[in-house]
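The data blocks that follow each hold one structure.
Here come two complexes built around chain A, the first alongside chain B, the second alongside chain C.
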Partner chain A sequence: MERGEAAKRRGGGGGGHGGKKRCRSSEEGVEEREGGAGDPALRGWPSSEGREQIQLLEETLDEFTENRSDDLVVSLYQMDLDRALFLLRSYLRIRLQKIENYMVHISKTNLWNRLSEQEQRFAKRCIEIMEKHLEQSVLSRLPYGYQSMLKQSISSEEDDMVPEPQLDTFVFCKTKSDVGAFQLDDTGEEIVDLVADDLYVLRYKSIRGLVDGGRIDLV
Partner chain B sequence: MAGQSNPHLSIFSAPEVEFLAEDEVVEIVPNIKMDAVNMICGDFGPFFPQIATKVPLWLAVALKKRGKCSIRPPEWMFVERLTHVLEAERESPREFQPLPFHYVEMSKLLLDNAHEDIPDIYMVRSLIEDIRDVRFHKVETGLETISGRTHAVKLKNLSAMEVNIVRPFMVRALQAFYKHDSPEMIQQPESTVNRRAQVVDRGPRNIFVTVTGLNMILSVVAKSRDAFVVNNASFGAAAAAVSTTVMNCSL
Partner chain C sequence: MNPIIKEDHLHLWLAKIKIICLKMFGRRASQLLRELASCEPGQLTAYNTDTFEQVIKECNEHNLQLQSLIRKIEDANLDIQTTRNEDHFGAVIHHLSLARNKRGLMSYMYNRAEIIQSLRWTIGPVLPLEIQEKLNYSEEEYYKNHSTAIEAYMSQLDLDLTVDMVPPKDPYIRVKVLDDIGEVCLGEHTISLTPQSLHFIKRVDAEPFILQGLMEEFLE
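Up next is the complex of A and B:
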């Protein structure tokens, strides 16, 4: 059976190395997805590598179908593609959900830089729509001083009506490698010894640094 | 995936956890000749009849459904191993035995799709069910022992499905304990009358919120997870601890 151009480009010459690279990026996708859902905060936007791969796979699939290759092989590639797309879609959906919930908070902090361009556009429109809606339905009818979407009243010094993600919560996490003795609170009374492959329920605030540093996985 | 289910109850639904488990690698013995496939998740094959090779579970199940291969059950899915694990689970009430992170989902998929490839299938099925029950019982008794501000709960070897089932209840319970058992909630002797009144005022409201909160979680857990029914004892313990905290405040 002839392998299509696209397949060659994907699998091609490099062989083993190419395979490994793809494998890694798919794993990253799963990880991002899992962690993304478990993480109360918003994570950085991953590389666009996944999207390119899906495009290549779609091309391969088209070629296979055109060449009337073995039905079995076509259906297997189709399944692989469907799985990847499903994962990607649900990942994007989770991100949109977080953006919808905390749009104002995100737009005002450096979390904004973690959004992709499209997401930033989405968040902006979201805020506009929400502002308009609140303005028309409630705020315009309130007495002077209480008409801000962001402040309880004019006397508030900061924006105190902005929903923020609840970071003071507990998460399930798995250690990748030995971290060693780790301090859980500010006073240093609570210390755990994190050994590789341990599963813990810990406070997100205390392990946030480890999560960002990739030393611990959320499950 | 997770966007479709209610994010406040559980991060993943059971089929979503199963989806994640389908990337685990299993060994198959194909009965056809086929070139290697270059998937997004890696390269697999080439496939030759009667020569074992490793593929992700979803690929194995897909080939199996089309009658193109037989699946070799993983070594932990044999009767001797499982019997041993079950015994060990029963003997150590505070520890979980090491099993694959996705053992619940993998065994379900294999038992459903590859029944003729698994020796002593009825025995294997009932052993896995027993192991699950024993482990869930341990999680429940573990929950009962949480009785104050807790910074860390160690659950080594707990599997993906088990984590997903206990997550909503456990996180809310720990949050409640963390909040109500904080040192700031306990009355300082030198504080003013004014502050005392405030604290007393705050007490009953908190207990009300917490108990209804717990109640809600309990009914949700009981409704949606028949495999994991939180018994009244743990609820009682939680409620009792909350009221103790509140009493501390008003004294």
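Up next is the complex of A and C:
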């Protein structure tokens, strides 16, 4: 379905139409990426649309080069392609870094489902490598009962040695639409009126639901 | 322990002892962490073998004490779960100190590992000698394995993520060659990259060389 759509865009468009489409996609990329950097937790995997856009650009570029079109046009397409590639790379890099930092935590929570198949493979491997490293340099040399990577000692009931992201940090965010009176804490003492298109600095923890629901953007 | 101490005072009393003991017992481990914290973010100090080994030794000593206290309770035919005599509290303190030392050691290694893995993005697959000297054996191995994991991920995607680290302004850049690289095939052309020569090539092609310090961006 997605593939068909991409082909249609390409076939039916011609120069002008294609250009418009690309612009939009780049902007979406920025949004996703920047939200990703400010967001202490991981977002969902956005499917392979970005990748398809780039393929489309590459094909267009090849076509233009083959047809010996104007050098200027070719270089404009090249720049556009470079920009899209940069966005994609930088987005994937940020995700990898988040995974590297909190791999064990991610693997134990439902954040795991937000990873792509390749990222899951990467995370699994990272955990194995980290475990081996800690095992041979620290854990194997500690007394019996204290050798777990996840628990402080055999008497801990839960996994109390897993680094977790700090969700209490403040983030800049912008509302998309009117949310109305919004409760920031459990006790209901702090209430903010979230108006559309306004900037706020709030604790990530309290607005997490709104971010996931797409009602608020991180800036 | 004085049996007159009441139950509700017990926690306070224990907490005090805990602070005193942990100050003495956990000192070496906290030294390790202070060393980490005093560093510029992202910078690595040499692996502190001496202190690390001392903390490991401390852990084993705590364990010996802990075991002997438990044995003492068992020998007196007391129930290990409910006994609250001086041996029990002594054992608790050794246990807590051990766990604290473990947290210290683990944080030391984990934080270092985080810095080490970030070098893959800024330096490349091979670490220069002056950084290698700062790592212990396991850390070097960790770096190699972690690099391979990133490479495996990139080859699955068929996309090199280590290039393109700054937003592109121009697809081409002017570079100066610093070291003899020799003949390199870039796109359709083969160019000879001799030292001190200037070239105008694609940024993506130049980045790996710049990362390895073989080339630099030439700014007029």
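Odds and ends about this structure:
Convention: the second predicted complex is superposed on the first by the 194 of 219 C-alpha atoms of A that agree within 3 Å, B and C clash if a C-alpha of one lies under 4 Å from a C-alpha of the other, contacts with A are read in each partner's own complex, and residues count from 1 in each chain.
Quick note on the criterion: a residue touches a chain if its C-beta (ideal position, glycine included) is under 8 Å from a C-beta of that chain, and two chains touch if they have at least 3 such contacts.
Just so it is clear, the model here is predicted, and its values are computed rather than measured.
When the two complexes are overlaid on their common chain A, residue A:M79 makes contact with chain B and with chain C alike.
Once the two complexes are overlaid on the shared chain, A:R93 sits against chain B and chain C alike.
In the superposition on chain A, contact of A:M161 is made with chain C only, not with chain B. Of the two partner chains placed by the overlay, neither chain B nor chain C lies in contact with A:K108. Counting residues of chain A touched by each partner, chain B versus chain C, the larger count belongs to B. Residue contacts after overlaying the shared chain place A:R121 against chain C, while chain B stays out of touching range. In the superposed model, A:M130 lies in contact with chain C only, and not with chain B.
Touch criterion met: A:Y200 reaches chain B, while chain C stays clear of it. Shared contact residues on chain A (touching chain B in one structure, chain C in the other): 75, 79, 83, 86, 89-90, 93, 96-97. Looking at the complex, you find that chain C touches chain A at residues 56, 59-60, 62-63, 95, 98-99, 102-103, 105-106, 109-110, 113-114, 117-118, 121, 136, 138-139, 141-142, 145-146, 149-150, 152-153, 156-157, 159-161, 163-164, 167-168, 170-171, 203-204.
On chain A, the positions that touch chain B within their shared complex are 1, 3, 7, 10-11, 19-20, 22-23, 26-27, 30, 33-34, 37-38, 53-54, 57, 60, 70, 72-73, 75-77, 79-81, 83-84, 86-87, 89-90, 93-94, 96-97, 168-172, 184-185, 190, 192, 197-203, 206, 219. Chain B meets chain A in the complex at residues 1-4, 7, 11-12, 16, 19-20, 22-23, 34-35, 37-43, 58-59, 62-63, 66, 68, 151-158, 160, 163, 167, 170-171, 174-175, 178.
Residues 75, 78-79, 82-83, 85-86, 88-90, 92-93, 96-97, 100-101, 118-119, 121-122, 125-126, 129-130, 132-134, 136-138, 141-143, 146, 152-153, 155, 161, 163 of chain A are the ones that touch chain C when the two sit in their complex.
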